[in-house]
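The chains carry the letters A, B and C, assigned in the order they are written, with residues numbered from 1 in each.
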Amino acid sequence: MAQKQQKKVTDLPSLLLELGKSADFIHETMRLHKGKIDLYYFKTLVDLSLMKKDFLPNIKKTESPSLYDLEMTLPFNQVEVSSDVQLIETKLLQGCVCIQTHDSNVEAIIVPLEDDNLRDITVPEVEFSVIGPKQAFIEHLRTNIQLIRIRLPIKEFKVIELQVGTLTKTKVALLYLDGIADMENVNTMKQRIEDIDFDHIDDSSYINQMIEDSSMSPFPQLIDTERPDRVSAVLSEGKVAVLVDGSPTAITGPTTFIEFFSAFDDYFSRWHVSSIIRIIRLFAVTFSIFATAIYVAVLTYHSQLIPRDLLATLIQSREAIPFPPIIEAVFLELTIELLREAGARLPTKVGQTIGIVGGIVIGTAAVEAGLTSNILLIIVALAALASFTTPIYRIGNTIRLLRFPFLFLAQLWGLIGVFIGFGFLMVHLLGLTSLGRPYLEPIFPPRLADFKDSVIRLPFSMQNKRPEQLRTGNSTRFNKKKAKAHHDIDE
Amino acid sequence: MKRIKVVSFLFSMLFLMGCVPTEVIDELQLIHAAGYDYIDGEQVEATVSVPSYKGANQKNPGVIESETISAIGNTSKDIRSQMDSKSPKKLENSKLASVLYSRKLSEGGIFELIDTFSRDPSVGQRMLLLVYEGNTRSLLESHLTIEPEISRYITELVEQNTEYTDLPKTNIHVFLYRYHQEGMDPFLPFLGMSEDKLQVKGLAIFKGDKMVSTISMDESFLFKALVETFSTGTYEIQLDKEDYATFMNLKARTKYSLHYEVGLPVLTAKVKAEGALSEYSGKTLDENKIQEFQVKLKEELKTEIEQLVKKFQELDVDPLGLGFQVKTRTRDWDMDRWASLYPDLKVNVEVETTITHGGISE
Amino acid sequence: MQQPIPARNLVSPVMVLFLINAMQVGVGVLGFPRYVAEDMEYDGWIAVIVSGLITSVMIWVIYDILKKGNGDIISINKELFGKWLGHTLSFLLLTYLLSVTMVVLRTFTEVIQVWIFPNLSTWAITAVYCLLAYYCIVKGFRVVVGVCYFGVLLSLITYLSLIGPIEFMEVRALLPVFNQPADTYLPAIRTMVLSYLGIKMVFIFYPFIKKPETSLKWALLGNALTIFMYLLVSFAAFIYFSPNQLSATIWPLLTMWQIIELPFLERFEYLAIPIWALVILPNICLGLWATSRGYKLIFSINQHQTLIVLLLVIFCLSIVFNTRDLIDRLNTIVSEVGFYITYVFIPILWIVQKLRHKGGSYETNQSG
């Protein structure tokens, strides 16, 4: 990492002097039996209770105030003696206490006493599931890695620690299973994280957007999840995960487009159920993108297409409306987006009220006032609902955004426009990659074997191979021949 | 950056200049039915029926009624421009479901009128062509009691009769297929009024594009059995005055075969009919009685079919497609020679009947 | 020799199936039954099969040439005919490919104009297709193959759509078979062969296939799929239309679609034509990709800039060809040229290569 410090402090006294300019930096001088020692620390960073309980009594017990004695006696891990000014600076800023004796002003002991100040591990809220584990990541990197390591207690589970952000010095951990993950993926990910040059990293989503293959695309190319179980599952599939300190979401990759529509729940319910639900979800997404556009296209250009029995209903619903279908549709779509945005910005309870007020009151009023037709209202509401079935929050937003270009193309050239738009979408998706792997897999390039866990989910007994997509080091999950014993009827 | 500019320039050009005129459904006058009447040798009167959604709104669908626009002219283009001048909204053919031709007009030939529709891609291939015995304008203008929208009424009437009774499948495609096929003549459903109700009265038989005769609904059953396989026929049979029965769900199909007798083709039509006896006037229906009906049915069908074929031969029309049957069994078929042979063609009719059961009570 | 294509840009041999099929099935399938029936009436399906088999042989010949030459057509031409003549031949072949693209695009534009939007200007449709093709081609060959793949999948709706007209089909109309005099066979086969012409594209994309020698079976399978589709469509058209009716129908497949009525969709062709807009996309993308790549190799120029120039050329030409008559003439000329390229040029190339190689090996034997 490029260190862009304005002033490089080279010796310890001037470092301490520099740090002392900050009000929360404490310099204490303690008298011991023989001689004195100086303590330096940030009172806002160290755990003061721990300091009172364990640290200070032990210091007072020490016979001689020599650095090496102190290092031996203090009952803490990672107590070290150092003369490296850089290191001391970093450690102090991470919440260590620095002890200096009067025999040397070059060396100091660093005692880690940082205050962890953890939030409890809570139930996942974005990716909630009825059955299955109820743990979500928190903002503490060590705890997050711990959550995964509990699930993967094997030596192959490897963590690479990196640091990004010139100001935030955010710790980033790259997780993978040695021997299973393709090292090319690991190296790509590592390279891309190392290449990040940005001052302020707040959340994993910053990193997510910076390491994606194409930042011009509206589609996310890496999945972010708050579920440790999902992360450990994808790790054992052969993927790579990234955890960021201070962020309760992990990034995993490489991914495919279809994977964005598989909820982790799908593995908890029976395979028939989850296969059908996945198909319904994909159908919902297609509906969500195209429904309003097709409505506009058909009503504006293709009266031939409408079944005779539906025709009267459609014409009557539009009879009193002064606008062309496109205006109607854009108006309603924007209303729905407003409702969603307002609901997202407000506290949960108020948000619900907004939904009810907006959905029912505005909808009914718009229809009664003759501004929109009730059929379109149904379609738009269903389309909005359908877009919320996406298990990954990010892709849901993309789907909703995609509707608008299709709407305009429908107005321009009817169904031809919609399909030309679909052509652009298709070409765009075909060109996308996730960590250099094709995004549309297993649809294109067609890999039949990978369909077992994409559009549908086949039973675990058939998931004996890891996805071909990932080019894993060891593609076998279990030996199918061994697992499957043949029995004749009633034997 | 330059590329983005070029692309966005192209897109904005498309949006500005690539537009096509919109045809929003509520701004169109969708024609649901059309009728053509004979005026004189040159001119025809066309009447179109369009639905009107008066007083309808989203809460209250209201009643859809039909209105008509008429025009007289030589060519369909001429007629169309006159109609456009009478309509407040743009007239559109895309929902045209049925076209009626008056009997008089049909007898003079209607191919040109039909051809206009077959060239118009917005007209579907399932559009019904019908012959009406009277004036189509007064039919389209009339308000029938059951269904206020006349075109819907006509369409449903014909569809119902095709599906459940004795009317053969028909639409513009079938007409054109038969018109263009060698050894086949077209037919169209023939409608008429009985008291105040519209009724399917049978079939209008065409020679080329000119109507020459009609056959009744009873004959239409035989006709249907000879040209297509179907399973919903009904047929009534009478043993003597009081003793009659109705066959329901009569399945019928015909197999043709060809052989030569002294150099002349002889066509054999083997009709297989299979049905259930559903209505019987007498008291008991035993094996013997059923047997009796079966024999009677066989005889009756045979004579009636022979009569029908004879009738067509006398008129020199071939709506049954006997010529087509011969053609597909002959190498190097010659249409002109066939035309001279047809009136005297020998047609053997063989009927095979099966009665499956006699209703639900013994 | 040119530089080898980097491994990550190669596609698997299976993809050849889609490339071949996508190139053959295009606007042609909408209209071909009429042309076959004109020559051979309802025995036309025989011509469909025979010309399909002839095409299979041609595919084998093309593969043989490429296997020996081990490269694309440009390097083979250069090797066999010398730099100037070879490049001229390659240039003409590429220009032909470009004009095929042009014909496809222009014909489909006409379908849209006749069927859906009579007022839609030609330049607008062309411009959109050019943008789409540009977007596709700049992303590389893999994306072009992807477009072919989806094009083939979408074209499969044809099979489903043929169920619709069954209700009105008269199977007897095909009888009696082999009723046509023998001298009608040749013209019919000649007509029909034109519907299979897409195979020349193999000359350009051959080096982009992983283990290209193994892809011959996939190419033949792709061709077989085309034969099957043509056969079904021609059967359907023959038994759905009566002969005189068919000769008056410009696009039999579209007219057959007109009869399909689904509960939620009264007129199928208004959905099918927009879908077809994506089925012909591979024709255009692959054509332009092949041409721009070929020109790049001949003139050693940048493919990206070549592509832009070609798009402009297509755009301008499609405006010039604005009448039905001109389009038909263009169509005939291009088909004619295509016929000679496939059935005269390629065999000659094959023989010349055979002779050269024999001669070559003879010489080495002598010297050794």
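Quick notes
Rule of thumb we're sticking to: a contact is a pair of C-beta atoms (placed from the backbone, for glycine too) under 8 Å apart; a residue touches a chain by one contact, two chains touch by 3 or more.
Just so it is clear, the model here is predicted, and its values are computed rather than measured.
Closest to the middle of the protein, by Cα centroid, lies chain C. When each chain is reduced to the average of its Cα atoms, A sits farthest from chain B. If you average the CA atoms of chain B and of chain C, the two centres end up 41 Å from each other. Chain A and chain C, compared by their mean Cα positions, are separated by 46 Å. Chain A and chain B, compared by their mean Cα positions, are separated by 64 Å.
Multi-chain contact residues of chain A (touching two or more other chains) are listed as 301, 304, 306, 308, 413-414.
Looking at chain B, residues 14, 18, 20, 124 sit in touch with two or more other chains. Counting only residues that touch two or more partner chains, chain C has 117, 120, 128, 266-267.
The residues of chain C lying in touch with chain B in their complex are 114-115, 117, 119-121, 124, 127-128, 131, 167-168, 170, 172-173, 175-176, 179, 240-245, 248, 254-255, 258-259, 261, 266-267, 269. Listing the residues of chain B that touch chain A in their complex gives 14-15, 18-20, 22-26, 28, 30, 51, 53, 56-58, 61-62, 64, 92, 94-95, 97, 122, 124, 152, 155.
In the complex of the two chains, the chain A residues touching chain B come out as 299-301, 303-304, 306, 308, 311-321, 324-325, 367, 370, 373-374, 408, 412-414. Residues of chain C touching chain A in their complex: 11-12, 14-15, 112, 116-117, 120, 128, 132, 135-136, 139-140, 142-143, 146-147, 149-150, 263-267, 270-271, 273-275, 277-278, 281. Remark: chain B residues 7, 10-11, 13-14, 17-18, 20-21, 121, 124-126, 169, 173-174, 176-182, 184, 324-325, 328-332 touch chain C in the complex.
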